[in-house]
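Here the chain labels run A, B, C, D, E and F in written order, and each chain numbers its own residues starting at 1.
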């Protein structure tokens, strides 16, 4: 069992090192995610957000704009996750009212 | 070579942290330790996203009137930051659920050690 | 929490600190447009200000603040604020969460979006605060498994 | 008269009868009335199709698509009608006999028994009328499932084990059939039963064809009782005797040989069989089975088990006839389906009557019973002589055709096998008759003949065996029908 | 107008009802169940309507916040997602109706959070299916997973521990998926599936893409209980409350399998998936091992729910095997099996719940022939579902195996074909064992006479959903040509 | 980005993570976990992700810390490994 776990860990590390050897250089503005245009000619999200966030919403903090507007359904999901967690404590831990009777 | 190092050292540290987290999940018998391992794993992924968002010589993601918006290289990429805000919240929610379950488990079996638990269940 | 934590000095400190944290929390929510912060961080700060009293003073003192039964409705209200914003936009002819379609007369589309973000941030803050307090309350009380 | 719905009705009638049978579970007379009514209607419906079949016509009916391009289709071609007439006709007798048997033996759960019986018959007629392999699989599996409650009917340990064995064999076979059909569909694009085969113009490597054939053989061979996959058949003797009669004379095993015929004649086609030398496998297997089964039958003291091994041997006669790939041999094989059905059902009925009446199952206990049960043992004598191939009973007639067919195909070994096995048949049947007629019995004073509900079917089936032996074309022109069928298989579809 | 909003309506119905249930449930707890059923019914209606609409008029893309992708997040409601949404919502609707009495018995007073979480879990699953954005998928995945952990934690005494193990494994899987998404984002600069799929043919040689594929398959494979990652499933399904199991078992693993479909067939495409290493074949082999392992383990179990849980591992293998074949027949077979298995498993788990409610246990070794008299209809439905699981025609289960077999033959993949056949036999072993117990006297116990049990059938709210699902298996069996015709149109190549 | 600063924080991060996993007293582990989160927040800010850093500080070091402590007090403080 222990050998299996070590194997899993080694495999995990191996696949990550394998991947990292070919990742683009960090901080390089020419990376595809920072580039002016994607290779198929579609809009690159990061650039669009930087350039248009203020114009679209009059809000200087781009993270807030992306969070609250461009990707608002993500944020909604995030809120639902937290709501779920609250309900879970209610379900698992809350004293049931009927059991006492 | 030095370029490669500066371009990649952040990834290697992320990998080390990820492996520490995975080690905690896989090898630790105590359930709270497992939870700590899980937290480390999650935060390491956040670190990965934050580190890929960076650009050399760029400023933070709040608009500065002095820095023109059309030169995107001057601002960090806001998208991974946003994603990671969500991911952190999700991580906290997960931890909250894990804590809830831990309390429930302890209530029933008076132990959080995995081997003892398996003994007591059978 | 257990009784050994109820030291008067800690309690005093907590009671002194708590209102300021709360004010800061609201500031973070409202000012999220201009500086780092937003609904989630602000909500967590609000929750922290409440939890501080609960940790230091125990459950008796906590009941003076926000009572347990109030947390669930508050959480629901928080979610509903966000959800209703989206639904109103949808009812007004846009997509879900399309703030431009919000039916507020006399406001430019970009400012509509500004307002929309503000509303949902408040919703998030409320929900996060209520839920974090709720998680804490439930966890402290423990489970009553027979 | 439009006959297109008749095949469907013939299949459905006993399935629909299940509902009233289940509903009238508390009223035995009403319940059995439904059974007999369904049997009669079914037989009548099948007879409606007979004139057309004698003309060589088929009635086709496409129902819903089971899969894109693969309809649930029924087709009452001459072969199907031939089989359906036998199955539905003998069901009538079995029904009467069953009533006498289950009441005489005081069996439990009679409603389940009759309901399963009805489903079995639907499945059998469905098998007879299937137009393609997918429909065939459907009814084949339905038969498997419906027979299972009959096999385990008395719910003793032995019966449960037999049921498990039966399921293990038949479900494996069903899966092989599914896989094989899928392969045929992949290679040829059709799985309709076509006289002369579907591999027209499809070139396959020899090994692929061989593997495919072996898969089919495994699939249909189980129910046809070909050795070495016959194991379930003697074990299934734990079932009540009418069930054994049905399993071993009509429904299940005959569906198996019928499937062999379908596979050989309508999926592979006689040409392909000959070209790839696939029939050699079949001949070797069938010949071995005939001899071995007869030898094993010698050693069985339990009457039903001896009959079971005799069945295994005789099924292989049919397979042998098919495998000869000559028109006359094929005719003989097809005729033997009918001949064996009437003879073997007689024998099983007799075994059941002896059991219900005397509670004896071992052959060594049968001394002198001919004096108390003259009609039963007389029929038994006719049936066993027929199986041994003594003229003028119909067993002789089909064997004669088989021998002619092998000579036509310039094969001598099948003839030797037939002769040897005839002698062996004599060897294991005549001691029974000898005991029954010439040895003095003990403690038989208080017994008489079995109830008329059982004796009458026995005598009728025995009489049918003799009549068909004397006049092969007597009632339904069976011989002509068999000749027609076999001729369509050898001329690429045109009679 | 209403058509273009359908994807949002389906998902938002669940949000609405998940907040309505606490709103009313705090006031009167017993209202939770009818409200949840109402919500499930509305969503099922929407998804039926939507499925027909998509089949007739083509797929719908819904842009949240009015931002067109790749800037914003979209819901893609095409044939595949419409099909899955329909399956899970309809099945969930029936399970929700069914759970009324079980929830009253097994966790009294907790109906409000329970049903609210059930709604949230359905929201998560629907969102996962419809979303066109990889990160948004992660968010919905976590919603569904968290709610799922909680539902599993309610039940027998060891349930929280089973849920905790699931949480650790599942969250680790989710994190691996997120890391994979990170790699994909680093390389391509986008998160939108359609956008990314257009870029991948130019970028697939990168090591990072290959690693991301592996990480995503592993991460989602955990949720789908693909063979080596199945460890959480048996305990979870066994110890959880009957209604939770009936809700999660038919749906949860299917949705994860759907994500694998999306990733392998849509996002990467089968050529790119297999460009570096034969990943799809490898996944298929894992699925095969899972099929055999699940079937063999199921034979060894005596607890009915645990047996069904192992059977789930085996059945999910069929679906993923169909995926790995990557040809139209295999695809159609896999999708048909999604439908069949969702219905069969829901039916079987609901029956195990009924037995637990009535008998207090679901231990197969204690079944006897009195059950047939006490619960004639329940047992009839069980028989139908069991025979369908074994794969006997004309029930639905046969046809998915038939198409899968056609798929394996199309690829000349004899190993997979053999696995399908063998596992069907193993299925027969463990289901006929139950049927034997229920329909026959037990000779090993020396039982001579049938037990004289009185009829004591479950209540209508449990019997009807089970019955409808069981009957629908027969209907699907006969109508499968129509369904498969639709499914073959969905196939992307 | 100042890579020397990042490097130092990385080293402390790894150190605190290992200590949190290896120490037998769970309360110490929780405190180390809080330190880990705080260092992580620092690193985020150093990388320019001020929002993420803020959140991590409030959540990871604040709320999660409190909840962790609650769990340790509700259950046991000792760990066998």
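Rule of thumb we're sticking to: contacts are C-beta pairs under 8 Å (C-beta built on N, C-alpha and C of every residue); 3 or more make two chains touch, one makes a residue touch a chain.
Just so it is clear, the structure is predicted and the values come from calculations on it, not from any experiment.
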Inset, instruction - Go through the assembly and pull out the chains touching subunit D as well as subunit E. - result: none
Legend entry - Contact-richer chain pair [C-E vs A-E]: A-E
Legend entry - Most remote chain, CA-based centroid, reference being subunit F: D
Legend entry - Per Cα centroids, the chain farthest from subunit C: D
Inset, instruction - Between subunit B and subunit C, tell me the centre distance in angstrom, where each centre is the average of that chain's C-alpha atoms. - result: 24
Inset, instruction - Using mean C-alpha positions as chain centres, tell me how far subunit D is from subunit F in Å, no decimals. - result: 78
Legend entry - Mean-CA-position distance for subunit B and subunit A (Å): 11
Inset, instruction - Could you list which residues of subunit B touch at least two other chains? - result: 6, 10, 18, 22-23, 51-52, 54, 56, 58, 61-62, 81, 83, 85-86, 89-90, 92-94, 96-97, 99-104, 108
Inset, instruction - Provide the list of subunit D residues touching at least two other chains, using ranges where the numbers run on. - result: none
Legend entry - Junction residues of subunit F - those touching two or more other chains: 1, 50-51, 55, 59, 63, 67, 70-71, 74
Legend entry - subunit A residues within the subunit B interface of the complex: 2, 5, 8-9, 12-13, 16-17, 20-21, 23-29, 31, 33-34, 36, 45-47, 49-51, 53-54, 60-63, 65-67, 71, 74-75, 77-78, 81-82, 84-85, 88-89, 92-93
Inset, instruction - State the interface residues of subunit A toward subunit E in the complex, per the touch definition above. - result: 15-16, 18-24, 31-35, 38-40, 42-46, 48-49, 69-74, 77-78, 80-81, 83-85, 87-88, 90-92, 94, 96-99
Inset, instruction - Would you tell me which residues of subunit F are touching subunit B in their complex? - result: 1, 3, 6-7, 10, 13-14, 17-18, 20-21, 26, 29-30, 33, 36-37, 40, 43-44, 47-52, 55-56, 59-60, 63-64, 67-68, 70-72, 74-76, 79-81
Legend entry - Residue ranges of subunit C in contact with subunit F within the complex: 1-2, 36-38, 40-41, 44-45, 47-48, 51, 55, 132, 135-136, 139-140, 142
Legend entry - Residues of subunit B defined as touching subunit C within the complex: 62, 85, 89, 96, 99-100, 103-104, 107-108
